[in-house]
Amino acid sequence: MKATKDGKAMHSPSQIPDEWFKWKEKDEGAAEIVSRPSLSYWKDAWRRLLKNKLAMLGLVFLVILAIMAIFGPILSPYEVNQQDLPNQYQPPSEEHWFGTDNAGRDVFTRTWYGARISLFVGLMAALIDVTIGIIWGGISGYKGGRTDNVMMRIIEILYGLPYLLVVILLLVVLGPSLSTIIIALTVTGWVGMARIVRGQVLQIKNYEFVLASKSFGTRSSRIIRKNLLPNTMGPIIVQMTLTVPSAIFAEAFLSFIGLGIQSPFASWGVMANDSLGAILSGNWWTLFFPAFFISFTMFAFNVLGDGLQDALDPKLRK
Amino acid sequence: MLKYILKRFLIMLVTLWVIISLTFILMVSIPGSPFNSDQSSNETIRANLEAHYNLDQPYHIQYFLYLKSIATFDFGPSIKQPNQSVNDLLSRGFPISFELGILTIIVAVISGIILGILAALRHNGVIDYLAMGIAVLGISIPNFILATLLIQQVAVTWGLLPTATWSSPAHMILPIAALATGPMAIIARLTRSTMLEVLTQDYIKMAKAKGLSPWKIVFKHALRNALMPVITIMGTLLAGILTGTFVIEQIFAIPGMGKYFVESINQRDYPVIMGTTVFYSAFLIIMLFLVDIAYGIIDPRIKFHRKGGE
Amino acid sequence: MEKILEVTNLQVTFTTYGGTVKAVRGVDFHLNKGETLAIVGESGCGKSVTSNAIMRLIPNPPGKITAGSIVFKGKDLAKYSEKRMRSIRGVDISMIFQDPMTALNPTLTIGTQLMEGLISHHGVSSKEAKKKAIEMMDLVGISNPEERLKQYPHQFSGGMRQRIVIAIALICEPDLLIADEPTTALDVTIQAQILELFEKIQAATGVSIILITHDLGVVAKIADRIAVMYAGKIIETGTKREIFYKPQHPYTQGLLNSVPRLDLKGEKLIPIDGTPPDLFSPPAGCPFTARCPFAMEVCDKVYPASKELTESHQVNCWLQDERAKQLLTAVPLSK
């Protein structure tokens, strides 16, 4: 007694045994809507992120990079600015894994120092952006009305300012250093974040369940933690992830036009800039390592940001 | 529509005013700038500066005269080279930079859109992965690194193209390639994602139900809508390309405004830095305004909202 | 009566990450020339997939017509090449979609969207096309057509847009019009107007109509025959009279009980409990078993064959079996 694949009857009624014609026991709840056990938002997002191979590649790379930024210089017997002119432009070897540069400095050591600076600049810029952005966008969105109007006008004006030109201008005046670069990058950088935060706050305000929870007296902190924050944090986290590579790019770019972080620091941008001439004479490694790490770090943050966007977007949740 | 243009125009004016005032404030506050010390030994330069910036006047008069000079397209003198003004540099360097920029935009927009469409039409196919692979690399590799890689491989190792200067079409290929790859990648990704979204829309299904050819559906119905977001990011891309010319011109020894600008930064030639920044900012801010207006004209919905609403 | 369309054993599946969705699982029905057939069923039962399959508009991947024939005017569309199919779409068979707010391209004028089908299929001049377009706008009841052709979709209300969509569908004078929930997205008063428009158009052009809906109220007005669909299958077919007054399938009865009816004023509306089965792994037997108040052991195990009650009335339900009828009389209906 089998039904065909599509469930079409393949027997005539006479073949069906009589004893099948009795009322079926109703199994209680069988017809009830079976609600899928809802994983928590973060677990769900994490699970989706794990499935994204490219984003995982980026994440793993960044973790390794962070570890190397911390411990890399310790592994090496050389100091970051230790010059050794007789051993200038040594190709990668057992003593110098990444070779040496024009002053005989160890590229391996300098690369991890560069990682410290690039990551520090990127993360600090993102952190400051998000802090100002949350305060500004939060107030703007929450207060609404006149306040919102004025604050948004200011944002609109700042948004129109050419970002890198303002950064250049500020650095010319302030003089390039680690702290002034971070300041310059964030002076107008927070605007994008503030816009996103404001949008999210407006969305929260519209959520019906906020109103509902108010009138039913549910503890609102719980509601906010459980329902609101996850939904609003998504775009903010994604924006942060994408701020980091753009800050790293900006830092390297500034090095190139002579506004880079000054020694004794060795940022990737400075290293790459110093090696521009060297590459023509065949000493590729001096450029290759900083260039590779700038690019791959940006790549890693970009794919991680994309992955997070897909993983955190509640609209795509099914 | 008129109201919309007017509003954008006012915002543009305010933005311009902010950047001009910012340069002024910074200039008078720089310690050791020619405005606060007598470092510049050259008499001609000193005289030029005083004449242009009215340094004998109080600050508020200086400020007004500064605004006035910019309004008349006079961007001031140089302190490193006597008898050299920002306007001289601009008239020499800007046409070249402009050419580089325009060619880059054309290349980036055309190739980015084509790449994005191909990827969307072959969603999850080999072309899609290939195109998006290129795009992710294009976004991740900074243009100055790409430039050096191109010089190293294409010009030095293979000897296919010249490395530097801006003297013939062959000289232009590498700088444009280095500068266009990033924007191309961004456009490709954006085109792909909006195209994919647009292709699921009901009006595309409707167009299919009309029996239109795939070619018509893509180019007449889908692409128009998919390109709207591309227009909105043109301002940002333009800014990226413009700042990109600074490094690209330096690397390829192209005698454009970007190269002069970087030189002035390295020499701390403050008036040139300020003048060029104001010029470029104004250029970008006006472009941004035009892009906004173009968007308003192309998307019929915006026109309506401005007319019907408010 | 001449059959304009005959669909036999149509099967459509979608391959997704979660598995294969068997959206349409062997559907048979036909449509006579000049009549209106309504396909009715809950949301998700496969109505849209069925209508898209007739137009061969199932997106592939993920979708695929895995079996069946779609015989339109004597030719099997299931065997047509994509290119040949394109000459059918919009010309012989047209389609109207549910949401008029999204069915029109926001960046093209109404005129462009109206005329493009005509121009690309019949190669008429744009002047002729415009004349025809104005004629169609008149037919669907849009005043001042010449002016309005130059406008964009957002300048029209929902009801007006649906009229335009109908005009677009009819401009090449098709023989068959498939309307997939054409009134679902509209206000009740506008719904009535659009339904009247369908009647008017059918009277004027003699077009055959397949009307897809989840709302029996819509059907009552304009359908000649009704096919009731459930979980990817058609479980009862009949004339409007037969379905409304002698529904045989418990699901059809349930549907009727859950719809407000003028002739049964004062009766309570009883919604059907539960949800349709998962189409990833549909049951081998009757898919309604879990929700059916008359479910028997046999229902779970074997899918009931189609039983012909009259020439026009067919039903797939084990209650039609003699032994079930005995069971019904033996046990007083407490259910």
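The first chain written gets the first letter, and so on, giving A, B and C; residue counts start at 1 in each chain.
Here is the rule we go by: a contact is a pair of C-beta atoms (placed from the backbone, for glycine too) under 8 Å apart; a residue touches a chain by one contact, two chains touch by 3 or more.
Just so you know, these numbers come straight off a predicted model, no measurement behind them.
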| item | value |
| --- | --- |
| Pairwise touch network: line, ring, star, complete, or other | complete |
| Closest chain to global C-alpha mean, per-chain Cα centroids | A |
| Longest centre-to-centre distance from subunit A, chain (CA-based) | C |
| Chain centre separation (subunit A, subunit C; CA means) in Å | 47 |
| Subunit A and subunit B: spacing of chain centres that average the CA atoms, whole Å | 25 |
| Gap in Å, rounded to a whole number, between the CA centres of subunit C and subunit B | 53 |
| Subunit B-touching residues of subunit C, taken from the complex the two chains share | 55, 57, 86-91, 94-95, 97-99, 102-108, 116-117, 120-121, 152, 154-155, 165, 168-169 |
| Residues of subunit B touching subunit A in the complex | 11-12, 14-15, 18-19, 22-23, 26, 29-30, 136-137, 139-142, 144-145, 148-149, 151-152, 156, 239, 242-243, 246-247, 250-251, 261-262, 265-266, 268, 270, 273-274, 277, 280-281, 284-285, 288 |
| Complex contact set, residues of subunit A against subunit C | 1, 3, 6-9, 11-13, 16, 18-24, 26, 30-33 |
| Interface residues, subunit A side, partner subunit B - complex | 54, 153, 156-158, 160-166, 168-170, 172-173, 245, 249, 252-253, 256-259, 272, 276, 279-280, 284, 287, 291, 294-296, 298-299, 302-303 |
| Residue numbers on subunit B that touch subunit C, as the complex places them | 201-203, 205-213, 216, 220-221, 224-225, 228, 298-301, 304 |
